[in-house]
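Scroll down for the structure; my scribbles are underneath it.
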Amino acid sequence: MVQAATLIAPYQLEVREYPYPTELEPGAVLLRMLASGICGTDKHTFRGEVEQYPGSETQRGATYPLIQGHENVGIVEAVGEGGAFAGDGTPLEPGDRVVPAPNRACGHCGPCQRGFPYVLCDNLDSYGNALAADVAPYLWGGWSQYLYLKPRTGIFRVPDSLPDEVAVLTEIFAVTHSLERAAQVPRPSGFRPGDSVAVIGVGALGQAHAIKAQLMGAGRVFAIDPSQKRLDVAARVAGAEAADADELRNVDLVVNATGFPGSFGKAIKMVRDGGTIIEVGAFVNMGEETFNPAVLCGRHLTFLGIAGEDLLVYERTLALMARHADSIPFAEMVSHRFDVADAPAAMETALDAERSAKVLITG
Amino acid sequence: MVQAATLIAPYQLEVREYPYPTELEPGAVLLRMLASGICGTDKHTFRGEVEQYPGSETQRGATYPLIQGHENVGIVEAVGEGGAFAGDGTPLEPGDRVVPAPNRACGHCGPCQRGFPYVLCDNLDSYGNALAADVAPYLWGGWSQYLYLKPRTGIFRVPDSLPDEVAVLTEIFAVTHSLERAAQVPRPSGFRPGDSVAVIGVGALGQAHAIKAQLMGAGRVFAIDPSQKRLDVAARVAGAEAADADELRNVDLVVNATGFPGSFGKAIKMVRDGGTIIEVGAFVNMGEETFNPAVLCGRHLTFLGIAGEDLLVYERTLALMARHADSIPFAEMVSHRFDVADAPAAMETALDAERSAKVLITG
Amino acid sequence: MVQAATLIAPYQLEVREYPYPTELEPGAVLLRMLASGICGTDKHTFRGEVEQYPGSETQRGATYPLIQGHENVGIVEAVGEGGAFAGDGTPLEPGDRVVPAPNRACGHCGPCQRGFPYVLCDNLDSYGNALAADVAPYLWGGWSQYLYLKPRTGIFRVPDSLPDEVAVLTEIFAVTHSLERAAQVPRPSGFRPGDSVAVIGVGALGQAHAIKAQLMGAGRVFAIDPSQKRLDVAARVAGAEAADADELRNVDLVVNATGFPGSFGKAIKMVRDGGTIIEVGAFVNMGEETFNPAVLCGRHLTFLGIAGEDLLVYERTLALMARHADSIPFAEMVSHRFDVADAPAAMETALDAERSAKVLITG
Amino acid sequence: MVQAATLIAPYQLEVREYPYPTELEPGAVLLRMLASGICGTDKHTFRGEVEQYPGSETQRGATYPLIQGHENVGIVEAVGEGGAFAGDGTPLEPGDRVVPAPNRACGHCGPCQRGFPYVLCDNLDSYGNALAADVAPYLWGGWSQYLYLKPRTGIFRVPDSLPDEVAVLTEIFAVTHSLERAAQVPRPSGFRPGDSVAVIGVGALGQAHAIKAQLMGAGRVFAIDPSQKRLDVAARVAGAEAADADELRNVDLVVNATGFPGSFGKAIKMVRDGGTIIEVGAFVNMGEETFNPAVLCGRHLTFLGIAGEDLLVYERTLALMARHADSIPFAEMVSHRFDVADAPAAMETALDAERSAKVLITG
């Protein structure tokens, strides 16, 4: 049997047992889990705050029972008939250490055929998020000993130099394609080497943005967060300077990585005229804010909404993390590790933002 | 003496006389006016709604007395010592028919030296908008028989095939660099040939966007406006289909070209997931709207605020208009013409949006 | 039985009969052909000039026997089990009029998983080009009464307003994603509305580029070609001015759409400093030219090599062609139509460039 | 009197004396030199290889007598009437430590008014390169105790953390806007975080590219150079791996930073299909190479010619260098320092590429 933490209903997380999947459909992959992160969205889901992608074609609510866990790293245990391919085009073999993409696009809807990122797919399968644990083979999330991956899921090799606890952060770093988008937006907006970058909220997603900004050539990196602990981590992993939202002004690029109300207004005050705001934290509907379109227009601003990571950057992201594995203490982003059997304690720890950073559930 | 319409205070527009400028500083140019448009901003200014670029470094209020008129075409009458150059780098001579840029950047502030568009200049001179008519040589706006242009103002030759009443629209078309920006934003956002485009508000600025979208290869162009007359013009000049804001959905690119409250929320409903909104109409502060950052984020939207035209597109814009001068009835955008002496009647006509489109004041 | 023109060896084109495919694999589509074009590559292949993508991972030679024909339009006759989807994500049904993409990427090699265009796929299936007619179900090319399409081939609905003889040009127009790439290259290079564009060689590929340049807002379009007939067509379909390669200078963007030696050197002379050259015609190895890297560097030039069309632009390209179906006489690009049974005569006609433009083989 | 090294004719470099410029024209700046580099172009000029920008509007030959030196850092000694502004828009004062741009665009020619980089200016003033030392006030190059800067020359403040011998490298780093251009070129080409980069020739220009690639997030950096010494420096300053041009293949981005014949062909072999080559070394005409346009086309390659640095990146480049001043041993790029009085010995040292890297002449 396979142990997996299962969310039965809001606030009810328990460890259940599922049958070991002895048969795989062609092209599927079974992963023995090494580690799976608890992310902000997981906490929202745990609390029943489940209105995701509000107002979009992809809008969706809760799924119970749910095995959560979409930030994953594991070892290939078995491959279905016909084989499966890593992101570099080579065949996957048992024993390969890999990061699976947490979403699987259908490939045939309009947005997929238009080459859009998978957050826009009309039929998205989201591991750990929207595939119910009462549908065989059940193991659709990473807070489990094994994870079942459907055919044509993106699966990426982990360079040897990356330890599991860093590789598990890949999904978060893949969201920072946001900064790569900004790098392509023409001046006076966008992001260029030497530009100043401010990150509002340096939880794991914010830390990843601060690090990526640093790695892409930011001139200065500022972090805004109520937690001194997080600011300290941001300083060590990204060379980020702590800043006060009420004083920091005239920043080239502002990344809003909190999901909390009021932060967007702060971002607008912080950014320079002609500058850019990346809104990447408001993934769950936390309510409206007031906003003056004359500010967007008159100050010549650009806003980039980023609904999630992009499949196309996983391979390159892993290469980048591997290159800097020695010089950047990525692992400082992780504060706790728990066995699958202790998933409820893991969640309890993660909910205490004061005490914890990224919490991992290990397979 | 030179006649010029002068705004003494809100709602007080009168024709005054100024001395003919017999001496020009080196590099300055005196223009004999052929035509000058009345634009939406002019109407705001006339009514005393004068908070422009709200919240920006460039924020500014009213200037009285003011000779308005920033959409201009004229004939070079005289050139100051040392000469002046057209946008193509050739020397300007008396008799040349030209369109002057309505703004003049200082060239030495930070934003100017960073190559930013002139709306971001810290020391912007705005003809017809923010240079007071009580400062010699007084003739700083186009609703006048002559217009005085400081050294290093952008001045562009008008191709012979463009009549005055079309050339005078150049400034408005230069604002459509907005669409050129969108064309550079990476997918799934941005603007590509074959994309659908909706324009909310087809006054002159909206018409220019509809035409430019058509000329850049839009697959479909939709126009939203309460005035049937305007919709008819949009159909003829841009092949635009009239649409209902409450029904139109899933548009690749939405251009909000009204300055009116509530329109931004409509744009958000109209745009497809992953799509782009250009906010170009809210140049004057007309109040706040509510807005949900989770929509920007979760729907993966991009917002481009455009504070005005870009000096770099004038020359190309004139080439583009000249190419299509025969096939596009640009002149239908113009509804009335008045002498400078009749400027008050011109403004009265322009304020009646039901009865008029672009109103011109001819030199 | 199904009739199909088959190339047995260089210069040996004969009409053969193949069994009608009564069974389709899941997801496959059988197309009843309406029309298929003869393109420059087809003529090269006919003559045995078959070294394609020279020096690349995709380099390949000849395939015999070969049913040629990769510019196709047809009617869905049958769909394999499980169905197939049009590019807009809707299910395909018998009777749908569609344009199929002529290449089918594997989806699992490195370049595919990196989101690269299918010309870079390591395992490309090319209908009409590199799938041999001695492998069942044989009907891999469009010069046939029926065309067999493997699962996950791109298949795009044809708007009603496009006649077959225009829809068949879609593949050629899809190559003009070249201009969309150029539109994203930053200044001083790239392609912007109002820019001048020169097209060297206005066969069908060149005509398509001239038309697309016009539809994307070119300020002037120049055509260079020894054939007055082609120049006349370019004038009518794209408003192109005939130009002399030895005199035309200082052009913003040059498209080299010939496969002939010496043309690249002409393009270099024609382009302005800081400008861009699109090399899209030299698909088949026709020999080396001399070239001075100091010109590329010192003149700040940009060269964009374009190896073929991009799957992602088909749907938008069809929308764009449909919009202009009334105003642009696309059909003038077509000079002759032949039945499949007369394919040898069709090829003979096509080889006489003086007498013919695009030659079609109708199903 | 002011001492300045002066090139009288090829191979004739001597130290001459010039009058101290006691009067400055309005807006001019006199700089007391701290350091000035010897670059590859200077060596070409010394040897009489002086055909620069071959084939372009800007093509030019030699200028004698010439005070060379265009990689400069100095202290503001005096400012002409009316003042001058640093790149950040603040007024320059005596005592300010600054890097001046080595080129000064006219601002009024066509390319300047189109916003093109100054390498495309029709009337470029090039300090240390094309302003003759027999025209008052003579001090037009940096191998001198003082440098005279005309009004409206770009002048940038040096952050305190950058020592003179690093600040003097700014001009070279400003050429790496090449990589920023590449970052904006759409996929499959261009440069994205995690991409592999190969630099052919790691003299100072190549080292700067290797460092910048590293700072913009390269996944791997390869250096190709016959000198082990240079390869060692590249490893320390940019984490670059030494590679063999005959073996290295499938690189995302290749930077050709040598001016030597044959290197371009190597770059073509090294780059992956769909990849990008930056040609930045062939500034001086060193002869033709053979080249097959079918490779450019069929392999879907992109070539970016870069004729020099871009004024717009100086300020950001200095910010970036300052950020990494502690972690990157930039000063290892410098091998020797000589007084102005010893300029001939400096040149002799610089010509011995085996023995020297960047050689500085200090004021």
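To keep things simple, chains are lettered A, B, C and D as they appear, and every chain counts its residues starting from 1.
To be clear about the criterion, contacts are C-beta pairs under 8 Å (C-beta built on N, C-alpha and C of every residue); 3 or more make two chains touch, one makes a residue touch a chain.
None of the values given here were measured: they were computed from a predicted structure.
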Identify, among B-D, C-D or A-C, the interface equivalent of A-B, where equivalent means over half of the contact pairs coincide by residue number. C-D
Which of C-D and B-C has more C-beta contact pairs: C-D
Quick one: report the Å distance separating chain B from chain C, using the average Cα coordinate of each chain. 40
As a quick test, compute the distance in whole Å between the mean CA positions of chain C and chain D. 42
Residue ranges of chain A touching at least 2 other chains are 111, 114-115, 184, 186-187, 312, 315
Note: in the complex, chain A contacts chain C through residues 85, 87-90, 107-115, 122, 152, 154, 184, 186, 311-312, 315
In the complex of these two chains, what residues of chain A are touching chain B? 52-59, 111, 114-117, 119-120, 181, 184-188, 256, 263-264, 268, 273-274, 279-308
Quick check: in the complex, which residue numbers of chain D touch chain A? 180, 183-184, 186-187, 192-195, 212, 215-220, 239, 312-313, 315-320, 322-323
